[in-house]
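Presented below are the structures under discussion, each in the form of structure tokens.
In the two complexes below, chain A is the common chain; its partner is chain B in one and chain C in the other.
What follows is the complex of A and B.
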């Protein structure tokens, strides 16, 4: 049962990933990408990691994809199609993707995948929260704080860019 | 499949599931039970949607001193059934210069996300299809998918009114999602769990959460109802489909059953928002003061439905009382009032729990 669901999800992810990069209508490409991301969320549900699946749905489905759709809505018309790429660009992109695939396959084939002895228990949200804010060994408080500082910087930067001249003229 | 335990009071479903398991091999039985549960939820979905439409029309009529639908069936009870039949039999028209694929896909985003949210609600102690350990968070995640359907519908229709409606909807949903999330988070602080069945259980001994958390809970409830009304795109936040300015907004170009999907999803979303509020603030399926707690055969789902209908009535009351907001007023309300208030409320709740001042 799990195996069948896994293969269905894998097929969906691969098919829509290919469709996403080959589609010449930009919003369709975005929606195919959404299906890929939802498929990955499905994989997380399958391995009983519900929290990560919900994060995947909120951050990628509800956040990034909606942002993409907004960008497309503002700049693109429904009848426009993307132009065809030149052969040289195609070749370079193809080579780079093949290199990336080779690295990934090499990493997967050399990793030993050791069996864990202990029985699997599903991850509780409370544990994730405690580790995220712990400053002992294996805690994530430093990256957490660094990311918050980065986000504040990004927000201030966005406001400065969006306001442009108005900011200096009117103070 | 241990999460597929749907045993209604009176043990109807238990009996059915035992009966199915007795006549079939184990795997076939588990698949059959899954299909039965899916069909049951679809039926619930359709019936709830149709009768909420009828309720809305009756309530609207009552507020405007009219009678409302009263011709089809006794007290007009079959009116929305007849409307649905009419919509099914209608031709699905569309214009030429649309993006066919996205145009046809959009209604399903809206309706599927609403249906998925229904699955996690504890209608009563045993009537819950999917008791996931991150229940509340799952609801927020699913509701953030629904807006994509509205954006797609507006864009692929190739119609400027539809596009404006979709943009407004995206704006509104993304802004008010914050308030919904934060007010839910305030209550999660109090319960210490995200699982919906445990949130209900936490209210059995200590009283409903709106009493347990007193002041911050009441503020959170008010913010949740305002933001929830905005999330469902209902008046006074219905500038998405403001008839006087935009035709019908994002679903201007839709006809027949596809229009009906958007229409039904709005009412189901109202049901979902009210259900979240009932679980988080009013004790879910628990009876007030435990009056039916010792009656074993009493179907607790009745309490759940009474509370949900009460909150739905409140939302309908909003709709027929307040005038529509302008788009700048909408954003001012969220970003300058609700969000700071919500953050302060979250701190207040944390302090109250820290000092042990909960009731």
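What follows is the complex of A and C.
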């Protein structure tokens, strides 16, 4: 049963990812990206990381996609079609990505991953909270604080940059 | 851990997703779509962190924490990049990669 669901999710993720990088209508590309992100949230649910799945749905599905849609609607006409990419460029990019994928898959398939004996139990949100705020060995209090500072800096920076002044005086 | 699915299958899926993102990064000529490809790449790597944590080190939590940090960084990066793109559009009325020469100054 879980096997079937995994293969369905994998097919959805790959199909919509390809559609997202090849679609010439930009708003549709954003929506395809949303489907990919929801598929990955499904993958997290399947691995039993409920907290990460919730983060994925709220931050990506709720935040980033809305930002993208805002940007697209502010900048483009909804029906606008992107320029066609030159066939040569597509071929070179496709070949390069295929070569990279082949090397990566070869490395993965030949690496002997060790078998773990211990049974996996699902992660409690309380455990993640404890490790994020722990001062002891293996605790993540410092990165956590740095991320908070970074988020504040980014918020202020985004407001300042998006407000911006016009550089050219003649329009 | 997903019953009946080995780590190789999931790593194959995330590698494919990663290289689809790379392909988009190479071929797209609009800044917003380039940013979307970057999101695909970041997501593939976040899934990898969780997977390796789940399959190889089931009693640790480090992978999950790193994925949370990746999500936070991705959100920050997207917000900043979209602010820059909107500002650029105000300046030169275009978000095509080939037109963005004024960022140099």
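Simple rule for what comes next: the second predicted complex is superposed on the first by the 142 of 171 C-alpha atoms of A that agree within 3 Å, B and C clash if a C-alpha of one lies under 4 Å from a C-alpha of the other, contacts with A are read in each partner's own complex, and residues count from 1 in each chain.
The rule is short, and it goes like this: contacts are C-beta pairs under 8 Å (C-beta built on N, C-alpha and C of every residue); 3 or more make two chains touch, one makes a residue touch a chain.
These numbers come from a predicted model, not from an experiment.
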item	value
Partner chain(s) touched by A:28 [first = chain B, second = chain C, both, neither]	first
Greater residue coverage of chain A in the superposed arrangement, chain B or chain C	C
Touching partner for A:62 - first (chain B), second (chain C), both, neither	first
Touched partner set for A:72, first chain B, second chain C, both or neither	both
Partner chain in contact with A:127 - chain B first, chain C second, else both or neither	second
Which of chain B and chain C A:54 touches, first, second, both or neither	first
On chain A, positions contacted by chain B and by chain C	51, 55, 63, 70, 72
Sites on chain A touched by chain B in the complex	1, 25, 27-28, 31, 34, 38, 50-51, 54-55, 57-58, 61-63, 65-66, 69-70, 72-73, 78-79, 122, 124-126
Chain B - residues contacting chain A, complex	27, 97-99, 101-102, 105, 132-134, 137-138, 140-142, 144-145, 147-148, 151-152, 154-156, 158, 163, 166-167, 170, 174, 177, 192, 194
Complex contact set, residues of chain A against chain C	2-3, 6, 10, 13-14, 17-18, 20-22, 26, 29-30, 33, 36-37, 40, 43-44, 46-49, 51-52, 55-56, 59-60, 63-64, 67-68, 70-72, 74-75, 82-83, 85, 89-90, 92-94, 96-98, 100-101, 104-105, 108-109, 113-114, 116, 118-121, 123, 127-128, 131-132, 138, 140, 143, 147, 150-151, 154-155, 157-159, 161-162, 164, 166-168
Residue ranges of chain C in contact with chain A within the complex	1-5, 7-13, 15-24, 26-30, 32-33, 35-37, 39-40, 43, 47, 50-51, 54-59, 61-62, 64-65, 67-69, 71-76, 78-80, 82-87, 89-91, 95-96, 102
